[in-house]
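Each of the next two complexes has subunit A plus one more chain, namely subunit B in the first and subunit C in the second.
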Partner chain A sequence: MATQHSRSAARLMMTPAVILLLGWMLVPLVMTLYFSFLDYRPLRGAFDCCVGFDNYVRFFTSSSFWPSVLTTLQMVGGVLAITVIGGIFLAMLLDQPIWGQGVVRILVIAPFFVMPTVSALVWKNMFMNPVNGLFAYLWKFFGLTPIDWLSELPLFSIIFIVSWQWLPFATLILLTAIQSLDSEQLEAAEMDGAGVVNRFFYIVLPHLARAITVVILIQTIFLLSIFAEIFVTTGGSFGTRTLTYLIYQRVIESQNIGLGSAGGIFAVILANIIAIFLMKIVGRNLDK
Partner chain B sequence: MGQITLEKVTKTFGDVEVIPSLDLTIEDGEFAVFVGPSGCGKSTLLRLIAGLEDASSGHIRIDGKDATDLPPAKRGLAMVFQSYALYPHMSVRKNIAFPMKMAGIAQDEQERRIQQAAAALNLTDYLDRRPGQLSGGQRQRVAIGRAIVREPDAFLFDEPLSNLDAALRVGMRLEISELHSRLKTTMIYVTHDQVEAMTMADKIVVLRAGHIEQVGSPLDLYRTPRNLFVAGFIGSPKMNFIEGEVAGRHGAHTVGVRPEHIDVADGKGEWSGVVGVAEHLGSDTFFHIHETGLAETITVRAPGEVSFRHGDTIHLTPRADQIHRFDDKGLRLE
Partner chain C sequence: MARAVSTRTRAIYTVIAWAIGLLIFFPILWIFLTSFKTEADAISDPPLFFFFDWTTENYGIVQERSNYVRFLYNSIIISVGSTILGLLIAVPAAWSMAFVPGKRTKDILLWMLSTKMLPAVGVLYPIVLIARSLGIYDTYVLLIGVLTLINLPIIVWMLYTYFKEIPVDILEAARMDGASLRNEILYVLTPMALPGIASTMLLNIILAWNEAFWTLTLTTVDAAPLTAFIASYSSPEGLFYAKLSAASTMAIAPILVMGWFSQKQLVRGLTFGAVK
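Right after this comes the complex of A and B.
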């Protein structure tokens, strides 16, 4: 397998894929970098070269920058917390032998197949609408005043919708991990005097550590770029403007491509900072 | 103290009766081995004692106290699993300390027992490694260490040596026997290997389909097997069974002769046959002999190096006082 010859053959065969992926990444990155140093506002016909770091300074010092970073982190963190904790819980439930296990598992995974825009609209109109939503009926049934979810608890509502979409993914990965746990280990722990809670914290959770890391890593990548759910529900108002959404507003609504591109570079930097932290944790967990 | 008594214990899984009503007493300090072919219910029986399975009916008493409904942790038993069931994310030290931690034993007492167990099991240099970095034999010893530190009333072993290679198995067999003579704690050991049963046990319990076929010391079972099953299961190579006219002459339906109780000769003997495969072990030679007119194959063990070859005619004489007689139901005739 690992002869000199087969190694160079392997490299040769990987080259097209590597070049394609590299190009796919580099071209947009370089274009964004290029635009970020321009005063590029197409509707005003402005396309002036070399404004230096003006765009960066304007984006960074704008009053909406730090709140948007904070919102992004809150949203990612909130969704991660709900999906990981809920995923562990659901995975342990689904691991129990029950009648109709196959059907139940498919039902649990179903939300993952619904497009983000669709699911956000369904939640917005069918559940969270303060007049006709199911939650409103539920609240009224108990004699309470219905909550206007998207204006009273906008960030929580979006976190809830996104969590609903991502919970199946976390559940699925964690379920396969739980199924690979050797039942003799649990029995040994039981003999050793560990109760249900201790068995969970000393045996099940460490066994899941690697799977949890993978879930967190993959979800973070996707959650940093949440857009559709915000777009169709609050449109970025009521403190739900994430960094991604702010960039969208600068580029499309304000038609300032230079400013938006500078924001894009900030988003890349933020993503990298998070990635470094994650990789450190992942590295530690995957080494075991 | 660890006397374990089973009274009319049964176990059914759905409609399948794995263990029909069974009574058994294992005395304090005894090394009892449950032996039988795979699927005979010996592991289930052990798990019933451990509390990992609930008995469908009957009572399990440990030191006279009814433990039938006690959870495993409260029974004061320690178990060594076939897969060792070590906790892969914990170091050897933490693995061994785990049961003590769960029992809330003081830190310095934990450390003292860990050191003691590690010294006894040659694990001192490996305390900070993880199970994944150990060899099979070392993992086995960690599993035993984890059981020892709890100072249980009895140890339960579930085929602990089946994942080891032949040489290690012999070594671990000795270590477990030595451990027993040192600790003098009750041990129940499950195996399908009759050699392990013969070499280690004070008391062997031979099981078939959940039934106890015979209980006794290794030599009891060897000398006076109660029925054909025990006769065939205990002893290696297997006992020869002869039916028909020859058996009739001894007044039995079947007679059994162990390979080591047949003398071979060149010239004349009671029976004759043709040598098939000859297995030369140096200390012994096993001959598989065909065309004797008695059974398809007769196995004979000759001490030392005997120079019969494939195809030679050989004469056999069973020792008259070593012939086991069985009736048509397979029970021993005295």
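Right after this comes the complex of A and C.
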């Protein structure tokens, strides 16, 4: 189809994108890898070459490593559970014949477009503040003692805020997937006497399986690097220090570049493991 | 799978859906309402919903105190700049992969996607170091460059899925008629691809506008966009809910409107074509 000429022209047109992304990926990554083998603490003037795997050992054995892994898992797991289950429910609800469906859809999607710093600050101050927050009023209204959300239930609060931002994403994608479900199939099952529960588990859920997987993988990649929400609310205190935040603190706050870089390499490997699964699904789709 | 149902069932679903929709949207509505209150009304007990003295003074104060317009300007420059630059690089790439695919095209596409998965924190220090040694820390050049690179995979992918849907026959016909590569792109492909390019652009501006890792870590004053402006409200002094709300409203309103227009494209863009 294409001539040799257009073929080489096509390669040429692809080159800038490829070179830029290659550079973007390789240069910093190689630097991080290099730093991870140094004792490099600019504030103390320390710069020792080749300390071997010292940074890795120190990073993994430090008292903050495992708690941060646990926090990360809880945060990612919590948000995934809420958004996927809530998203399936909302997608099914929005798929029903309702008046003003378009408007409801817009209302549900809106939080996704709210800047993370805005969303975190507004929830922190206007809702979760123990004195003037809206939740405090609500609690007092029911005769309960207001909760200081971000210091008493910090992890839950951040999971809640992040879930509010990502629920629209899950809903939107699952809704798109659910709309491609053949309604005749459901009607046939209904006529054959399949109840609501059976129809959900044997028809709707299998149909959504791929979309759910995609939602989980994409969200995991974004959620692993949650930053602004923690930065603005707790600053990593009260047990909300995730792996990403821990590395950020090592590199930027305590300026221990070697240690932080070792952590960074670990984060890269972790993200790659998840990425492999996502790529397989996306790649399969390309062949169609 | 919408089916014919009785009016009563429909009414029940409608009520539930609207209740949940409003609940999810409520925080945004609350920001909007609070931005028109006085600081005293903003923390009144019980909370005031619609019956308060509406005032627009907060918007003026926010601008006066922290020069909102400057941050807004930075946000626009950075998000629009990185999107246009990204499109300039991505359109030719996506074009060639969609219309002149080679053996490696699929691998290259997947590899590009994989660069998006690179955790930012893993390369944070090198970027800071490079930026400082080049003297471009806290400048538009740096921010536009970084945001272009982090969003480039999404731009290429979105464009690719759009271009894929354009019938190749038309391009071949143009080639038969002797259209040069440049003319083929300019006069045949571009008009047909324009809707796809437009929605890619829209989604990208949204993503760049809301990006909050690099914009917070790579800026201090000069190039700081709205994400940093809002973050500066995190250690407040005195009464500030109404002002925070006014600032927030101004930061999210333009993007909210754009987002509603691009909701269909959002699915395609964010799932890399895996869900359409």
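The working rule: the second predicted complex is superposed on the first by the 252 of 288 C-alpha atoms of A that agree within 3 Å, B and C clash if a C-alpha of one lies under 4 Å from a C-alpha of the other, contacts with A are read in each partner's own complex, and residues count from 1 in each chain.
Following the convention adopted for this analysis, a residue touches a chain if its C-beta (ideal position, glycine included) is under 8 Å from a C-beta of that chain, and two chains touch if they have at least 3 such contacts.
Not measured: the values here are computed from a predicted model.
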Which chain, subunit B or subunit C, is in touch with more residues of subunit A? C
Contact-wise, after the overlay, does A:187 reach subunit B, subunit C, both or neither (first, second, both, neither)? both
Touching A:73 in the superposition: subunit B (first), subunit C (second), both, neither? neither
Just checking: does A:198 make contact with subunit B only, subunit C only, both, or neither of them? Give me first, second, both or neither. first
Does subunit B (first) or subunit C (second) touch A:155, or do both, or does neither? neither
Taking the superposition as given, does A:134 touch the first partner, subunit B, the second, subunit C, both, or neither? second
Is A:147 in contact with subunit B, with subunit C, with both, or with neither (first, second, both, neither)? neither
Where does A:167 make contact in the superposed view: on subunit B (first), on subunit C (second), on both, or on neither? second
Go through subunit A and flag every residue that touches subunit B in one model and subunit C in the other. 182, 187
Footprint of subunit B on subunit A - complex, ascending: 182, 184-185, 187-195, 198, 202-203, 206-207, 209, 288
In their complex, what parts of subunit B are in touch with subunit A? 50-52, 71-73, 77-79, 81-83, 85-90, 98-99, 102-103, 130, 146, 150
Along subunit C, where are the residues that touch subunit A in the complex? 1-5, 10, 13-14, 16-18, 20-22, 24-25, 27-28, 30-31, 34, 43, 45-47, 89-90, 92-93, 95-97, 99-100, 102, 106, 108-110, 112-130, 149, 152-153, 156, 168, 172, 175, 181, 206, 209-210, 212-213, 216-217, 226-228, 230-231, 233-234, 236, 240-241, 244-245, 248, 251-252, 255-256, 258-260, 263, 266-267, 270-276
Can you list the subunit A residues touching subunit C in their complex? 1-2, 6-7, 9-11, 13-14, 16-18, 20-21, 24-25, 27-29, 31-32, 35, 90, 93-101, 103-119, 121-127, 132, 134, 137, 141, 164, 167-169, 172-173, 176-179, 181-183, 186-187, 210-211, 214, 218, 221, 224-225, 227-228, 231-232, 244, 247-248, 251-252, 257, 260-261, 264-265, 267-268, 270-272, 274-275, 278-279, 281-283, 285-287
